[in-house]
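Two complexes are shown next, each including chain A; its partner changes from chain B in the first to chain C in the second.
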Partner chain A sequence: MPIPETDVQWVETARLGFWEQLYIPSMLAGLKTTIGHIFSPQVKTEQYPEQEPKMPANYRGVHRLNRDHNDRVKCVACYMCATACPAHCIDIVAAPAPADWKDREKYPETFVIDELRCIYCGMCEEACPVDAIELTTLYDLTGLSREEMIFDKEKLLSVFDQTTKAGTDPVRTRAGRLGAASDTAPG
Partner chain B sequence: MPPFDPLYTAIVIVCLIGGVLGLCAFLTLAERKISAWIQDRVGPNRVGPGGLLQPMADGGKFFLKEEVIPDHVDKIFYLLAPAVAVGTALLTLAVVPFGSTVPAPEPASSLAAYEQSQAEYQSHFSFVVNPGLDIGVLYLFAIGSLAVYGVVLAGWSANNKYSLLGSLRASAQIISYEIPLGMSVLGVFLICGSLNPEKIVAWQTDNGPYWLILFQPLALLLFMTSSYAEANRLPFDLPEAEQELVGGYHTEYSALKLGLMLLSEYVHLIAGSFMLSVMFLGGWSLFGLETISDDPIVAAVIKLVILCGKMFALCIFAQLIRWTIPRFRFDQLMNIAWKVLLPLALLNLICVMVVKQLGAPLLVLTVTSAVLVVGAGLFSVWTAGSVTNPKRKVVKLPAGIPAGVTYAS
Partner chain C sequence: MPTVYVNDKPVEIGTKKLNCIQAAELAGVFVPSYCWHEALTVVASCRMCLVEVGDLKDGKLAMQPRVLPGCQTPVKDGTVIVTGEYDKRDASLPALPYDPGYVKGGAPGVRAKKSQADTLEGLLINHPLDCPVCDKAGECKLQDFSFKYGRSESRMVDVKNTPANKPQLSSKITLFTDRCIMCTRCVRFTREISGTAELMVHGRGHHEEIDTFPGKPLENKLAGNVVDLCPVGALGSKDFLYKQRVWYLKESDGVCSRCSTGCSIHVDSNKDIVYRLRARTNPEAQGFFMCDEGRYGYHFANSTERFLRPVAKVDGALKPAAWNVITPQLKQAFAKAVSDNAKLVVGVLSPFLTVEEAFLFATYFKGLSADVRLAIGPVPVVGQDDKYPKDVKGNAVEPTKFVIHAEKCPNRRGVEAVLKHFQGSVISFDKVAKDSVSAMWFAGGYPDKVAVEANMGMDWKTPGLLIAQDLFASTVTAAATFILPATTSFEKDGTFVNHAGLAQTFARSVKPPTEIRTELQLAFDMLGRRGLVQAAAIRAELAKAIPFFAGLGATKLAANGVRFELPTV
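Then we have the complex of A and B:
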């Protein structure tokens, strides 16, 4: 598709005046700027290891599994997050909920996230009907082996404990005990 | 000619090379720190107090890294190139005065007078590896033009298109800028009557502080510009333009060989700054500060500090220029050398010749320098830049032909 002639703008470069053609005054003006920056520095860089960055609340870092008011795992093992995950990094094994857990049929027997495989897109958080999985602002996740980076249910729950205790990531859900899905009447 | 003393010369060489290599290391730190400050950053601050030990870490890294020799390189020339680059760079230091110098005495009328002047000359201490070399600056230019071999060998032997392009650019650039570099200082030689750097300093200090920047400001500008181009420094760093050429002629080098390549550029910068201070900024003199002490050793130290201070200030100035002017396009680079610097240097030389011939006061040269700069500006305005920056012809394609398609005419 050729560009129509009416859309083409022919731009002439501006003509340099005598002062610019001398070159030296322009260069001195440039030197004034560079030297000015040396003597009045406006350093805005963050001194990282000493100075921790403050992450925005919607930063997508390490996952956590939320607990409900009884300190049980909030997840109902519906597989929505595992289905939504584009990287296929979530592995859930569901089991019938214990008899005294009256509010749900299933709970996750295991819940494993491969943090190395995850692309931190936040789709699992979007998909979760009960706000059980959330991404925290922990950005500096490291490990010495691949096995260490595969987070199981206990580890993910401990991330919840850690981040809520530290106050960096308060529980974000505004829904009822089991989250948004449980508040709407079935049918 | 002064008698040759191997021991004294060896000591001077060791001190000079040691000092220059140490200075190179710290110039890399200064370069990084100044870049950081200009760009509102902090710069290296992890190694030692305020990052002062960063050069040690960098140097150690160069030693410890793996020496990669790619399979596709021409091994002999690939290994020879860094040696040639750093060797020629260090050879330039042989005639560069770095402290107080005394020019060799003129031929005397009688033997007794000759011996007396020689004894007087021997009693002084000269801070230069090869004192009394009358072709001094000529030697510097000769060795300086050999430096291009290091670059060309590196680019050619690496068998890599980026390296080759970088070295092609470098050879064209260095050969072009040799000419204004030499032309610009011819006026200085005419005024001082010698190519010997010691005599040039003596001319500037003996008749009071008549620094040649007073009479040859234009030559100073031309020499400085050309010496930056010779040292491949920004705004003339096209041979190693990271953005276009991945690093140019040292793309294929690693570890200590890369270190030597980078080192040779800093040595060129140091040698160029020394020559600038010696030829234009009065060498070791600084408004009578050098005569403050009668003790010869203290005076020698003061002169050493003054000259090295001038050299260091010029190196820092080069680093400021680096962040002030953007890199030139290659055609602009060539235009500056051939259509601006060379004619100005020639006209300046003619002015010096006329003034010397007519016996006019040297201050006339200051005026002619200013007139030449203003005249060049006016000429550029008059020709609307069509000489140094010719307009490319805009060819409009006939209607219906898609843009981006070219047809043989």
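Then we have the complex of A and C:
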């Protein structure tokens, strides 16, 4: 449904004032930060790769596909991540879920992320209604060929196993199941 | 003239019998509704179209104190309709004299707006919020209207009803029972349009469910329409289920090619693959619906068994050939056969061609020699015309609301009109098939080989030179010297003339596979014309050349098609 013209609010960009047009105050502010660092005692060089950095929990590295409590893929193949993805790097083929998966009707038959195309913006993670796709703190993704960098469902699930086992990225799931009665209490 | 006031805007309704929804539409005001459908009876059960109604007589306005369902309320001269969008009305119009007593209970529009929001809240009480996995998401009326007229939060604290899904409802259709909002459009459709009455409502109140009688699944040739009719994601087509999200689909207008009804359709495709066909409302052609043969009859276009490139027989073996190599060969071989004895050369134009294609091919064949005979390809006819609604015994009941024609091709009348113009009469295929023919150009495009073979007669004599253009292998292509790939109606621009003489123009929905040239382009090349072909330009030529098609000459054709006066056959 298109947004009606009456609901659109147009916003003008703010006009620059005299001092802002000079740019000098902002330049001085920048220089202050730079010069401050010269005299700051906390300058610290990390000895990478001998010393590996500890990434903050919200770092956006390699994706993983989470598993649910039955070790099945948590994804429900809703295509929200593929729709949100600005780089069009997610390709999903949905199918009716196996008959013994009583809690849902749809699952991803294949789930492929082209890690080379990905810009690691985290929109997929934001869009996911079941917290099935997450970006981990794995930052040193390398490969010898393009094919190697195209991650399929098994590979993405193995990233989940690897990161949860290593404890670098614990399961931080909040959303519950998305089934016939989806609005059961999260947890 | 009878005048109705919609949000203070006067609209003349003429002699039409309208309800409030239709009258508001005339005034450009949209009134949301779920259960109301123009082709079905009114039940006023969804309560989404609630409006405020009054009567303006001798300058005095008497508003009814309660809101009324717009679908069930007929309008007459002086009817005043106030919808929930009264605050968005054209403020330059003079306001009607609303009674102060009425305004005290709420300004005009407030009652309607509140009742719409309340209706939506009620509908959402038991509706699961599984939009991400629901196939309807993106084209769901419940989503759209909730966004536009509803509340953003639910106050529901109890556990929702979760009745079990019913995939056994039909072989083609599944029911997600919990998503149903009980508009009963599907039930009314099976009772009123198909007449087969498989669906019913059982249970009461919040435990109402759509169901079939045990052992009597929803199986009729119009069943697929209930999926289109369903305003939410309750009824899903198993054919389309989980194939695509609807926002990836590109919708284009087409014409169904599976029978001579020529239903107007929406073709939904993504990345040049057709995923779904839906009926497009066209009162001139078929009305609001389409049959399942047409609806699920698009799979041939995505088949891997299609001819994908031109093939030439060299020393008894078939070898792929490039278009730029094969085109001069075709031209030369066919011209030679014509110069040897034009009377033994036949051009066959199938009823699956568009009139533009038939016109260009006929121009080419008759341009070589006036003695070349033109025949219409095998016309597939299966059984009898199937009329709906039906009664319990399966007999058609008057008045007829939908006809599936026995003639399973879209354009017999159009091709015949072209043939009549070029040689005065139409020669049927079985007549030329028996003759010994030196060369034949078979322009096919049949969606399956049964359509060709069932109607070609047993005594088919293989011509010396046979150029066969078709989608699938058949007896004809087996005998061919050159096999050319054909395009489906989704892959070309053109015009079909249906059984009643309605000419509908359509544009291409998807690109044909890379190495396929459209029939129109090929005929254009054979005529030795340069450049890329444009169907609209050929159509203008056709309208000028053949008086029968003069109606197609307009630069902008009517969306519902052009109806021709047909001579009695």
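Throughout what follows, the second predicted complex is superposed on the first by the 131 of 187 C-alpha atoms of A that agree within 3 Å, B and C clash if a C-alpha of one lies under 4 Å from a C-alpha of the other, contacts with A are read in each partner's own complex, and residues count from 1 in each chain.
The definition used in the following text is that a residue touches a chain if its C-beta (ideal position, glycine included) is under 8 Å from a C-beta of that chain, and two chains touch if they have at least 3 such contacts.
This structure is a prediction, so every number in the text was calculated from the model and none was measured.
K.L.:
After the superposition on A, what does A:113 contact: first (chain B), second (chain C), both or neither?
P.N.:
In the superposed model, A:113 contacts neither chain B nor chain C.
K.L.:
For A:85, select first, second, both or neither according to whether it touches chain B, chain C, the two together, or no partner.
P.N.:
The answer is neither, since A:85 touches no partner chain.
K.L.:
Go through the superposed model and pick first if A:77 touches only chain B, second if only chain C, both, or neither.
P.N.:
In the superposition, A:77 contacts chain C only.
K.L.:
State whether A:16 touches chain B only (first), chain C only (second), both chains, or neither.
P.N.:
first
K.L.:
For A:31, select first, second, both or neither according to whether it touches chain B, chain C, the two together, or no partner.
P.N.:
In the superposition, A:31 contacts chain B only.
K.L.:
On the A-aligned overlay, A:95 touches which partner chain: chain B = first, chain C = second, or both, or neither?
P.N.:
In the superposed model, A:95 contacts chain C only, not chain B.
K.L.:
Do any residues of chain A touch both chain B and chain C, and if so, which are they?
P.N.:
1
K.L.:
Enumerate the contact residues on chain A facing chain B in the complex.
P.N.:
1-3, 5, 10, 15-18, 21-24, 27, 30-31, 33-35, 37-38, 41-45, 47
K.L.:
Please give the residue numbers of chain B that touch chain A in the complex, ascending.
P.N.:
That would be residues 34, 37-42, 221, 320-321, 323-325, 373-374, 376-378, 380-381, 384-385, 394, 399-403 of chain B.
K.L.:
Taking the complex as given, what residues does chain A use to touch chain C?
P.N.:
Residue list for chain A touching chain C: 1, 6, 76-80, 83, 94-96, 104-106, 129-130, 178-183.
K.L.:
What does chain C use to touch chain A in their complex?
P.N.:
Going by the criterion above, the answer is residues 88, 128-130, 132-133, 144, 147-148, 159-160, 162, 165, 176, 178, 241-243, 245, 247-248.
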